[in-house]
Amino acid sequence: MNTSDQATIFSSKEYLNKFLEIRRMTEEICEPLQPEDFVVQPVVDVSPPKWHLAHTTWFFETFILKDHMPGYKLFDDDYPFLFNSYYENEGERWVRADRGVLTRPWVKEIMQYRAYVNEHMEQFLNTNGLPEELRLAFEIGLNHEQQHQELMVYDIKHILGINPLAPVYRNFKGEVSEPNLEENYLAIPEGIYEVGYEGDEFHFDNEEGKHRVFLESYKVLDRLVTAGEYIEFIESGGYQDFSHWLMEGFEWVKKEGIKAPFYWYKKHGEWMYFTMSGLEKVNRNQPLTHINFYEADAFSKWKGKRLPTEFEWEVACKLHQPNIPQSANFLDKRNYRTMPRVGDDYQFYGDAWEWTNSAYLPYPGYTIADGALGEYNGKFMVNQMVLRGGSFATMRNHIRPTYRNFFHPHLRWHFTGLRLAETT
Amino acid sequence: MNTSDQATIFSSKEYLNKFLEIRRMTEEICEPLQPEDFVVQPVVDVSPPKWHLAHTTWFFETFILKDHMPGYKLFDDDYPFLFNSYYENEGERWVRADRGVLTRPWVKEIMQYRAYVNEHMEQFLNTNGLPEELRLAFEIGLNHEQQHQELMVYDIKHILGINPLAPVYRNFKGEVSEPNLEENYLAIPEGIYEVGYEGDEFHFDNEEGKHRVFLESYKVLDRLVTAGEYIEFIESGGYQDFSHWLMEGFEWVKKEGIKAPFYWYKKHGEWMYFTMSGLEKVNRNQPLTHINFYEADAFSKWKGKRLPTEFEWEVACKLHQPNIPQSANFLDKRNYRTMPRVGDDYQFYGDAWEWTNSAYLPYPGYTIADGALGEYNGKFMVNQMVLRGGSFATMRNHIRPTYRNFFHPHLRWHFTGLRLAETT
Amino acid sequence: MNTSDQATIFSSKEYLNKFLEIRRMTEEICEPLQPEDFVVQPVVDVSPPKWHLAHTTWFFETFILKDHMPGYKLFDDDYPFLFNSYYENEGERWVRADRGVLTRPWVKEIMQYRAYVNEHMEQFLNTNGLPEELRLAFEIGLNHEQQHQELMVYDIKHILGINPLAPVYRNFKGEVSEPNLEENYLAIPEGIYEVGYEGDEFHFDNEEGKHRVFLESYKVLDRLVTAGEYIEFIESGGYQDFSHWLMEGFEWVKKEGIKAPFYWYKKHGEWMYFTMSGLEKVNRNQPLTHINFYEADAFSKWKGKRLPTEFEWEVACKLHQPNIPQSANFLDKRNYRTMPRVGDDYQFYGDAWEWTNSAYLPYPGYTIADGALGEYNGKFMVNQMVLRGGSFATMRNHIRPTYRNFFHPHLRWHFTGLRLAETT
Amino acid sequence: MNTSDQATIFSSKEYLNKFLEIRRMTEEICEPLQPEDFVVQPVVDVSPPKWHLAHTTWFFETFILKDHMPGYKLFDDDYPFLFNSYYENEGERWVRADRGVLTRPWVKEIMQYRAYVNEHMEQFLNTNGLPEELRLAFEIGLNHEQQHQELMVYDIKHILGINPLAPVYRNFKGEVSEPNLEENYLAIPEGIYEVGYEGDEFHFDNEEGKHRVFLESYKVLDRLVTAGEYIEFIESGGYQDFSHWLMEGFEWVKKEGIKAPFYWYKKHGEWMYFTMSGLEKVNRNQPLTHINFYEADAFSKWKGKRLPTEFEWEVACKLHQPNIPQSANFLDKRNYRTMPRVGDDYQFYGDAWEWTNSAYLPYPGYTIADGALGEYNGKFMVNQMVLRGGSFATMRNHIRPTYRNFFHPHLRWHFTGLRLAETT
């Protein structure tokens, strides 16, 4: 997570506006909720929304205000213990798996905490500007909060989705365009390619280290796999035939009795799924979502294909769709659903995070920075798979060809999809 | 759970008043809470307060209104599935361990549910009176709700007590009288005694079946064991010396790293404990509470004594203190703490539930009634121990010498204490 | 576990013969086994046979030889750590659940250990006789080894019975007499009865404390329930109907998918079960075995009856069949099966351990002795149910009306059966 | 797992000799064991030695004899169910985690099974030669058995090593030469390199697919890390300082209370470890072994270095030590220990499997073969890390620069070590 030396220096005013805009967005996501919805943790991977509200605030309090604003007084001495996530450098913390048992502080107290930190940040930026040595922490703080915005959407959907009342988050009306669902492939010739981030904008340390890779020639599908294609897999017995599956994947299928993507149910012979607008019929033309790595991998094998590696994905994206098309779903952040592919959009950006067949590992020359911010990415580099591209819930400045997202292969409550590939 | 044939027949008006008074009391217990506090389930034995609010309402809807009030419409067709506790006769139900993941219905919706059922009950009683065949279900409904009132106090204390912020439920000011803590015993001679309920008032089926038991001569302490006496046990190494413990108890101590009663912490050399008024110093003169059966048993062995059986307790109570003294703690339901023993009160009533060394088993001639209400008591008669006497959180008409409470031996979040006994 | 002061004093020679006979019997039980069979622990409750061989030997080494035979040298300094079972007084010990991972010492080494301790015991008894202060420990040692002989039979059956090859222990030929399976009851009038052991023979501390109990009038079946009667329960849907079951029992049935007693399988429409002679058809006239407390309780409720208490059992036995009939199964220890009831034998003795509806609790005046031998019985007095009567694998001098066996209610690998009762 | 078309065609006699030699070697590894040692499974990853003996035999019976030898009769119809490991194509199988509860078939019966299959294989090869279409299955069978030979050594060490008696497998006398332990690095310039297997010899499918990779310039240590170097890590507090660890690694350390490599114990201030010759002092000059991926990774970060990727390892090996030096440890298979590095041996071969920082993933163009043999490698390609080089227990023809071994990152009962690397 670095900013290059040449990065544009914004004015204090600009920094402040960016800060306040992002802070406000976090709260906007929570608008449809009542206090009860902010508290629970149905599975360990889901955090209570009020925890996200507080944790993102703790980040600015801890890495900016606490040590750098003269006379700053912690809002509450117990909050660092409650709202540190995993930063060992920042001391003891409440156990992650027990986030869902804390009813206090109440939501309104956490909103007061947010206001308090916002006010102090405003005062700090107005007084000091943003000192050079805090710029990195500040920018990470903004990006960190945006990552949590996306996680909050996942978590809110999970909290609502497991409730038998199938509550509606917001009623979205999707424009249905004429979809373009042919099965075409983008071909990339063998050669040395450069991958990794290079430039002046904010980016994370895990994507830094531009370097060369040699790729044998390959091709990738020019769109995401659709729900309809996956229904064929299901209905041909895909979940019952071990030969498509990694062994750990098939064990997961059998142990959990899996028969469909997360949030999918068969009701009166019809595939239904839980959306942010409540229970709906599955739209076969939409990109498939809510599958884990095992399912993505099994589907690709059933099709006689495979998943691309993260570098195959990045190179194809840079070569064939270097710029974000205007139609990309994430541009309207309020429409919380994937949309069918229309026209020539290759769906590299902001539709669904795409599972790759790359494990999450460091780039050559990667080193972990000292101090708490060094704990941001590097310590997770084992047993996780890389996802690329972004989902409709991803903030726009988190969409870029080099961005590396990562999750354990069994998880599927986030907005995940896949694209097929083949060595040629 | 039966009422005898001679039970006083109340007027509809009287029934209604009783009903409304009890229903109101349930809500009064929740007054200090905000919506967040109603949702969580920190351990499987604790239910979210909003679940109690709804479940007690479901009871009247299910056993009175649904089948007996012409034209009654369920408030919500999903609620029976959500708020049935364990009645197999009443069909499928939401898994108990997952009560704490349901953020909907919101508290305000559940309060609407309560109002709806209250109104219909009022209308029903005003129109029909209370038909003879519903009298049992109705009275069980009232007693059931009072049992849940006590459980709610346990559960609220648990929810607040595990929070590092140690939130206050209400600030109670206890009058501290001059305690009388001598160690005197009540002696009971050998003989045939009658135990079990006989009379015209409401009582549960598990206490019915008045029958004779032969007791060898024995004596029991004329008050509850105090916190101060238990501190001696702790400080003499009681938790480290296996010889006082049942094997399962000592395994629990080692596995969980237990060093004191639940809610007790040692801070700067001082024993503190979490109360409904927040964190306080342990008052050595108060009855000990929040110990499980293993601890009660170990303490009694360390003292060279034992726990009384449930019949020894009942006979001693009936012989020595047949009537409830005016000083009994539970008379002021709003003072949620045990009080030191004063004067001649033997503390049989309403201070703390007293662990006995009797397993919860049926009385001779006990049979389980048909239908859902038959599931009330009988199906729990294994692996649990009987407690007698009632706590300060117990409603007054649940205090009687024959009342049998029961819990698994490892539990201690409820208001439990003990009294020593000895065979003579 | 005491011997009364008046107990017959045997000569050293008689003690030695008793000792050697019992020691030999333990080894005889293992004759059909090969070394591999001695090592495994398929579930935590089953111990490897070689562990039993060594543990019973450790008992004599620890409580007789180590401190009382001058110059005695431990066979191996590591064995006390390996072969102590649960005696906290005797120091650290190998974890029970891991007994099945120890391949060393080999069986032949353990047999050398047995021979070494036998020789030293012989030498000790020949030299010293049996000093008065060791008589109790010695007699407990003998009775302890006989209890382990019975456990070894359970454990060997378990080890063979879970193997898909269904290996034969020994081929037994059972004489099939004309069974007498009418359903008659023995009636006992209300009154004060004496229970508990009184006499000069060896007995355990848990049965001591002869005392009076008052029993309301009742009756008990004059034989054990048969396999055929239980098949009716199964085939009427007994395992599917919650109304017969204790809640914990029904949860066990659902969680484990239980459909029949342990070792029973339905094959081509026929009930088969695994016996010490391999897989056989279920004989409907034989006493039912291998059911746990939950199943015994559910069956009795399905029949409109209940289980007797341990005192109802003891009083009925003493009144109606004070002496052991010649036909009792256990008289031929080598016929490892229950036999159909013939003639007037009430099957109180040595057919199958009978579940009672009594929890395992202390008798009035019971106290735990000091030292390691005090750990023999008392520390298990919670969460277990009492069984009475003995099985065909029980040694003859462990059969008496006052003998109290105890197991957790979910267990059923031992030879368990039941008898119906009713309050009259 | 393929043999190229140009592979040397051996005569039937040569095939048979190879077969018999490998089969004999498996049994030779078991010579120091008694029947008890063959049965247990202390953790799920360890299989009982008798299972290995039978499973390797089942492989030849299943893939050669059963369908190809006219008139062949299975040795025992139950064995395929018992001794299939994970081949879904071959039908149902006994659960892996329960291999350690099967005492039958006895070892002597399994030896009869081995002899029976050997005789039939001999007869088959003598009669038919080795038909072209069975050559692959036959060669995989041989290599498969050699892999199990190595696993048996791991498993035997585990079975003996957890026993408090610390039994000796065999007493090996190690020649101690003058070690050469300087810290020198082999430097490799950036460029395109070829990796993967190319040639005519037997190899596995996972190493096939020779392809190009681009490597940035780097260097690797010219020997393995020593036990002495790791002691410095331990004694500087390496296991307590989270900053060296992957998060999952540090959680493992805390949860399991890890303080040293597997089999290491500190005794009277001295580091001891369990070896095939029993308990010995740690030799600081020997290569470190029995560390898992998390430990290897943490050590390398503590040193300011990192692990090499599998391609960095392969390229360095091919460039700097293409041929196996005579001194390589594995040449004397009977000396079951790593030896200090002497002279110029870079220890790429046969000392200890070296953890790389590469996840186990397919090479470009990799496809899984149809049928059961296709299940050999591909279905394990998730959540595992690649190890390279071979250990002293690895058979010689399993040592080659392209060989890919793989294990989950938390495992360490196998002979694992590490080599440092750095991007330059």
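We call the chains A, B, C and D, going by the order they appear; numbering starts again at 1 in every chain.
The rule is simple: contacts are C-beta pairs under 8 Å (C-beta built on N, C-alpha and C of every residue); 3 or more make two chains touch, one makes a residue touch a chain.
Quick caveat, the model's predicted, so the values are computed rather than measured.
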Subunit D and subunit A - chains in contact with each: none
Option reproducing the contacts of B-C, where over half of them reappear, out of A-D, A-B or C-D: A-D
Where subunit A and subunit C are represented by their mean Cα positions, the distance between them in whole Å: 60
Averaged-CA centre spacing for the pair subunit D and subunit C, given as whole angstrom: 47
Numbers and ranges of subunit C residues touching at least 2 other chains: none
Interface residues, subunit D side, partner subunit C - complex: 34-42, 50, 78, 81-82, 94, 98, 100-108, 159-160, 162-165, 167
Of all residues in subunit C, those that touch subunit B in their complex: 86, 88-89, 190, 192, 211-214, 216, 218, 242-243, 245-250, 293-294, 297, 301, 306, 357-359, 361-362, 364-365, 368, 374, 379-383, 385, 409, 423
